[in-house]
Amino acid sequence: MEGLSASEQREFQSRMERKQMKEFMGMFSNLVTHCFDSCVDNFTTKSLVQRETDCVSRCVQKFMAGSERIGQRFQEQQAQMMNQSPTGR
Amino acid sequence: MEGLSASEQREFQSRMERKQMKEFMGMFSNLVTHCFDSCVDNFTTKSLVQRETDCVSRCVQKFMAGSERIGQRFQEQQAQMMNQSPTGR
Amino acid sequence: MEGLSASEQREFQSRMERKQMKEFMGMFSNLVTHCFDSCVDNFTTKSLVQRETDCVSRCVQKFMAGSERIGQRFQEQQAQMMNQSPTGR
Amino acid sequence: MSMFGLGRPQPSSAEKIAAAEQEMDLITDMFNKLQQACMKKCIPREYREGEINKAEGVCIDRCASKFFDVQMKVSELLQAEAAAKGGAAGGGFGIGGM
Amino acid sequence: MSMFGLGRPQPSSAEKIAAAEQEMDLITDMFNKLQQACMKKCIPREYREGEINKAEGVCIDRCASKFFDVQMKVSELLQAEAAAKGGAAGGGFGIGGM
Amino acid sequence: MSMFGLGRPQPSSAEKIAAAEQEMDLITDMFNKLQQACMKKCIPREYREGEINKAEGVCIDRCASKFFDVQMKVSELLQAEAAAKGGAAGGGFGIGGM
């Protein structure tokens, strides 16, 4: 990263934004798939029943909470790894 | 999509074609993997036995039929969603 | 491939290098995930215990050996397929 | 991502194409996920016949409908969360109502 | 796509590179899928030793061979379906015989 | 990949951006894999409540730590293998110590 010129940084930034959007999309579709798979198993009705809707809500809430906690641990590890590395990265 | 100029549309079109090819490839490799995984479990022979070949044929046929039906439902949903959206999308 | 000019070949080559790096990254992260999933199931400690470390080592070793063997079979198949194809590909 | 369009008066061609492409990608991804999920829920892996029987067909239809409901529900929850956190950013996900 | 090459007299550099790249991607993808499938079928996840034993080796060889058969069979069926539907488009998948 | 930088005196802009992008991609991929692995190991799929309870939280922390250990171990083993095979290429994986 440090070796990039200003214009390279800008191009990199703009790609990162697109990538972030893509990441968000991927997270969204994984979340939908995971909570659907975990909460919906009854196909005698066409729409979600209350029990399923509640399960999906808790699933999303728990996923977000878990994701945040894992994110914290991950950042600590990244920071630790950069300090250990001989080149300072 | 509506905001693209003619040349942008062309570039977009050409990317979409490549993407479609990629999608087709992905579908193909998923289909192979799924039908292999479902139908083949016996490794006492080097080639498929009749029972396995028949299973693969039915697997592909059923996958295509299921895919078509799901595609219909999906398109209905997309159409419905666009009508509901306040901006007409 | 045969239809590419020298400069097209260079561009293709450079893309292939990036792709190889990406492939290697993907292999690495799949290997980590697979060996973690297979070997680690006890969360009463914060660090790997000896049994888990040994399992990971064997997992990596076995994965590499399996990968090499599968690679050989795959190359034989590719070669065979090219000979069979009417256009010689 | 450049909320309100400030700072970037006009999106470039490349950006507009990238946005249209991303929308396509999301739709394709969602279709693939729906298909995988509903084939898994509704089609037994024994493959004793090649046709979709009546029960399987009905299951697929309801499964697709419920998958769509989950999609809407998750979208709603994420938007509520973003609104609670980021204030003005609510609705910023906004791809075709998702 | 662009059957018979009509309408586009010469593919551009970018297109030729993209085509060659796509062919590589398919081969890589297929190798990865084969590997995952056969490791799953042939290698128990206990990892009591690091070597591939004889039975596992034989299983891998046969598994690779059967995976290849399935690939051919699926390709055949899709081409037959495309031919039945699209008429002239039969064989249009045509990447190295797949 | 172009060890010692010989043959290519200066990486171009495109190459430097691609390298930085690839580093980001690896980090993102690793985070996603970690998340999937630890949610699977630590969070039961019944979703009887929306909060992470204490036991689940502790499990996540230890799981993340062990996942990281596995990452380091695998990286070490691959580098040792590369060094044994390729001689000078040892350490060539070198992305942030991985």
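Letters A, B, C, D, E and F mark the chains as written, and numbering starts fresh at 1 in each.
The rule is simple: contacts are C-beta pairs under 8 Å (C-beta built on N, C-alpha and C of every residue); 3 or more make two chains touch, one makes a residue touch a chain.
Keep in mind the model is a prediction, meaning the values are calculated, not measured.
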{"item": "Chain-contact steps, minimal, separating chain F from chain A", "value": "1"}
{"item": "Inter-copy rotation, chain B to chain C, in degrees (Cα atoms; steps of 5)", "value": "120"}
{"item": "Most distant chain from chain B by Cα centroid", "value": "F"}
{"item": "Where chain A and chain E are represented by their mean Cα positions, the distance between them in whole Å", "value": "31"}
{"item": "Chain centre separation (chain A, chain D; CA means) in Å", "value": "15"}
{"item": "Mean-CA-position distance for chain F and chain D (Å)", "value": "28"}
{"item": "Chain D: positions in contact with at least two other chains", "value": "25, 42, 61, 65"}
{"item": "Multi-chain contact sites of chain B, meaning residues that touch two or more partners", "value": "26, 35, 39, 57, 61"}
{"item": "Order in which chains appear around the ring, chain A first, chain D after it", "value": "A, D, B, E, C, F"}
{"item": "Contacting residues of chain A [partner chain D, same complex]", "value": "14, 17-18, 20-22, 24-26, 28-29, 31-33, 35-37, 39-41, 43-48, 52-53, 56-57, 60-61, 64"}
{"item": "Of all residues in chain D, those that touch chain A in their complex", "value": "1-2, 15, 18, 22, 25-26, 29-30, 33, 36-37, 40-42, 58-59, 61-63, 65-67, 69-71, 73-75, 77-78, 81, 93, 95, 98"}
{"item": "Chain D residues within the chain B interface of the complex", "value": "13, 16-17, 20-21, 23-25, 27-28, 31-32, 34-35, 38-39, 42-43, 45-52, 56-57, 60-61, 64-65, 68, 96-97"}
{"item": "Residues of chain B touching chain D in the complex", "value": "1, 3-5, 7-8, 11-12, 15-16, 19, 23, 26, 35, 38-39, 55, 57-59, 61-63, 65-67, 69-71, 73-74, 77-78, 81-82, 84-85, 89"}
